[in-house]
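Working notes, beginning with the structure itself.
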Amino acid sequence: MSTRHSKAAELFLKDKDLAAWHDETLWMVRAKRDNQSKQLPEWEHLRDMACAIKMYSNSHLDQLLLEFEKNALANGAHVYWAKDAEEYCSIVYNILHGHNVRHFIKSKSMLAEECGLNEFLEEKGIEVVESDLGERILQLMHKKPSHIVMPAIHIKKEEIGELFVKEMNTEPGNNDQTYLTHAARKNLRHKFIEAEAAMTGANFAVASTGECVVCTNEGNADMGTSQPKLQITAFGMEKIVPDRGSLGVFTRLLARSGTGQAITTYTSHYRKPRPGGELHIIIVDNGRSRILADKEHVKTLNCLRCGACMNTCPVYRRSGGYSYTYFIPGPIGINLGMLKAPLHYYDNVSACSLCHSCQNVCPAKVDLADQIYRWRQKLEDLGVASTSKKAMSGGMKFLMERPGLFGFALKNAPIANSLPRWMMYNDLNDWGKEHEMPKFARESFNEMWKKKKV
Amino acid sequence: MKVGLFVPCYINAVYPQVGVASYKLLKSLGVDVDYPLDQTCCGQPMANAGFEDESVKLARRFDQLFEKYDYIVGPSASCVVFVRDNYGRLLEKEEHRCQSEGKIYDICEFVHDMIRPTSLQASFPHKVSIQNSCHGVRLLHLSSPSELNIPYYNKLRDLLSLVKDIEIVEPERPDECCGFGGMFAVEEHAVSGQMGRDKVKRHIDTGAEYIAGADSSCLMHQSGIIAREKWPIKTIHVVEILASGL
Amino acid sequence: MSSREDILESIRRNTRMRYEKPDYAQLEEEAVKYPDLLARFKEVMPQMGGRAVVLQKGEDVNKVIKGLYPNAVRIAATMKEVRCGEGMQPVTCATFHPDDVRCSGDLDGTDLAIIQGRVGVCENGAVWIQQDVEQRAVYFIAEALVILLDRHNLVSNMHEAYRQIDTGEYGYGVFISGPSKTADIEQALVLGAHGARDVTVILV
């Protein structure tokens, strides 16, 4: 009885120090989030409001996207609509190709990750440079993010130090975080200046103004978009919000929830192209409109991609982002993976003890654990339910539906206590790998009641 | 007021003393309590594992078994909240109107909210660390979840405070999951085991002699770990403490 | 059909229940408010990694800036003068205007940029910058940033801030809260990732 997640998790936990560090570090972020949330008496009201706004905006996408488009066009932007990943990648490529772009700088975008943009462009000969420090480190290492907000959380500074010696001529053995960060600052400065186009994702797209809002701490989105005159911004359509009033709600929640900061350093509002420049905006569906019809899972579209559910998840903290088979890990990733392709990503559904902490930290109140519970109910119909789990559950059902048999079992269970150890603790018994077996009482409550011993 | 005592399957088999303590405690508080025989399982293990349909028949039986009682009270927050939150929906499939969901209580919740004793006979001269279980905290609202910005409350602490000579503490990360989660503990045994060891260590770090909780399932998981690691702490159900001396 | 039509059609086909737009008024009403805005702003800036300095009566803003950044050589300013209380003070410590450069890349190597803030937010130290020069790169590329902000333009929270801001003729604006930062290497906080390493808000 194991899934690809559980096997990968077991491997992750073998490096005890790294696993403990990972857990502690992400818990610290959760603690910072708690501290921030507790400074605002209106915190829970803010979450309710964020949820209500998203329920409104995601049920009025047709109207809000058209309003956004009208305003963005009036602002002088170009607007494109992409049905799927391929169309999105092609649109980006065509814009770049049409402008003879050879050097292309990008700030972090989970949408680009979702659609495989970098691979697509590189295959066509366009150099893509990631400008978020964590993303840049991973790009140079040819690795994928293991967290959506702290993408390189699983990499140790010694590895980064070694990488930078090769890539940025830093002093060998100097793994000081400040030193390494400033080396990257210097190195990327040139990349920003030589780029012919810059791209960002968007945290919010505001229908009433046609502007896109991007939140960063490093300032990389703004360094990028203030150098070349060609800007591309793409967002998944659930990023639409009705107006600036709603930004007041979301900007108060996003960083507090995600990293435990009162706000990100930069909250940038891109409304018009730069003088003499161009602004191209791509609205992406890629499966999102289909989710609207799924009333059990439609709330995943509320997600702000803050990462709070990962930081609080006791399983994510102890298994790491790579143990999940979908590119977004943790509670939200389990659900998004299932919505994307259940037969590909069902292995992640086991990665949840149903503790429900994720639902309580989610700033937009996505019912993450409830949804995972619902996915589990669907595995059998999908034909991917674990056979041993099914057998165990079926065995229990058989027994529990028969009170006489259950009573008989209760009476005889203590015999199991005296089984030899090798029969109890072997490879077939996954419980026995971590625990001793519970000892059955000499007399069950049933027996005691019948004998009037209670 | 007639109360039907609900003794979940694994408590029946492994922790009968918790059932006994529950009965005695309710009796001592003047409650008319009865134990309907032929109880088995509420169906939660199957449902959490993804086989909810396998619990429908059990729900039906459960609902009938407790039909004649005004309240159903059981010493397991997780099983109780499974009945409360899911039976209505499960029995809808059977076109049966569920009557359990509105009258089932965890015993701590029942004593705290309905009986509201201001004193107890019990004495327990030990230091206990409260096991705030996930379903107890986040689904049954036995205490304020650490994630929410709401005033602190803890019904288990309130009740334990009525016990003489006791010292009550809560561990660091007071309501982080201990890693039980039903079949999760088997399917994801590596993570579950790590969560359990981390949890028990935090309980030990408080200097407590006992881990006291309202969910025997969490306690079973943790005592399995304690036995394997040979760590110096014991587990006990809150009800056993409240009923001590009865 | 175009993708645009396809997508809109798919949205309409799949949209089920339509939820009402919520009213923000009550939330905005109950949102955190600070009785002493100036004191709160001074307190919050260090938490965001920056600092806030209140210009005293009769103090020369240029002297204050020079005092804070004695080694800055290449200094850009987006304004020629700044209103301080009743009167105006000329900004004389700058060495150039950001739009004097040939291209935005030439701003690299700017030691200090002096820019105009519009609204300061006391809950988080964010200051609204509405683009007011052609080369907005100056807000990010300089090693250090001085933001001049009228002390009467402080608000308690983001709800209030959003009622006051706009993106102006350039169609761009940004909230900046303290220096650029990252914790991407082992969660250790480092100031100066890509933008300014050091930020001072001078409340005039």
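Just so it is clear, A, B and C label the chains in written order, and each chain counts residues from 1 on its own.
What we mean here is this: contacts are C-beta pairs under 8 Å (C-beta built on N, C-alpha and C of every residue); 3 or more make two chains touch, one makes a residue touch a chain.
Being a predicted model, the structure only gives us computed values, none of them experimental.
Novice: Based on mean C-alpha positions, which chain is nearest the centroid of every protein C-alpha shown?
Specialist: Closest to the centre of all protein C-alpha atoms: chain A.
Novice: Computing the C-alpha centre of each chain, which chain sits at the greatest distance from chain B?
Specialist: C
Novice: Roughly how many whole angstrom separate the Cα centroids of chain A and chain B?
Specialist: 32
Novice: From the mean C-alpha coordinate of chain A to that of chain C, what's the distance rounded to whole Å?
Specialist: Chain A and chain C have C-alpha centres separated by 29 Å.
Novice: If you average the Cα atoms of chain B and of chain C to get two centres, how far apart are those centres in Å?
Specialist: Distance between chain centres, rounded to whole Å: 52 Å.
Novice: Going by the contact rule already set, what residues in chain A reach two or more other chains?
Specialist: Only 40-41 qualify.
Novice: Within their complex, state which residues of chain C touch chain A.
Specialist: My answer: residues 2-4, 6-8, 10-22, 24, 26-28, 30-32, 44, 47-48, 104-105, 108, 121, 123-126, 134-137, 139-141, 157-159, 161-163, 165, 167, 170-188, 190, 192-196.
Novice: Tell me, which parts of chain A touch chain B in their complex?
Specialist: 1-3, 5-6, 9-10, 13, 19, 23, 27, 34, 37-38, 40-41, 43-44, 312, 314-315, 318-319, 349-357, 359-361, 373, 376-380, 385-386, 389-390, 392-394, 396-397, 399-403, 406-407, 409-410, 413, 430-431, 433-441, 443-450, 454
Novice: Which chain B residues qualify as touching chain A in the complex?
Specialist: Residue list for chain B touching chain A: 7, 9-17, 19-20, 23-24, 35, 37-41, 43, 45-55, 57-58, 61, 134-135, 138-139, 145-150, 173, 175-177, 179-196, 198, 220-221, 223-225, 227-228.
Novice: In their complex, what parts of chain A are in touch with chain C?
Specialist: Residues in contact with chain C: 25, 28-29, 39-42, 45-46, 49, 52-53, 55-56, 59-62, 65-66, 75-76, 81-83, 87, 131-134, 137, 150-153, 155-157, 160, 177-178, 180-182, 184-185, 188-189, 192-193, 209, 211, 217-220, 222-223, 226-227, 237, 242, 244-249, 251-252, 259, 261-275, 283, 285, 289-293, 295, 298.
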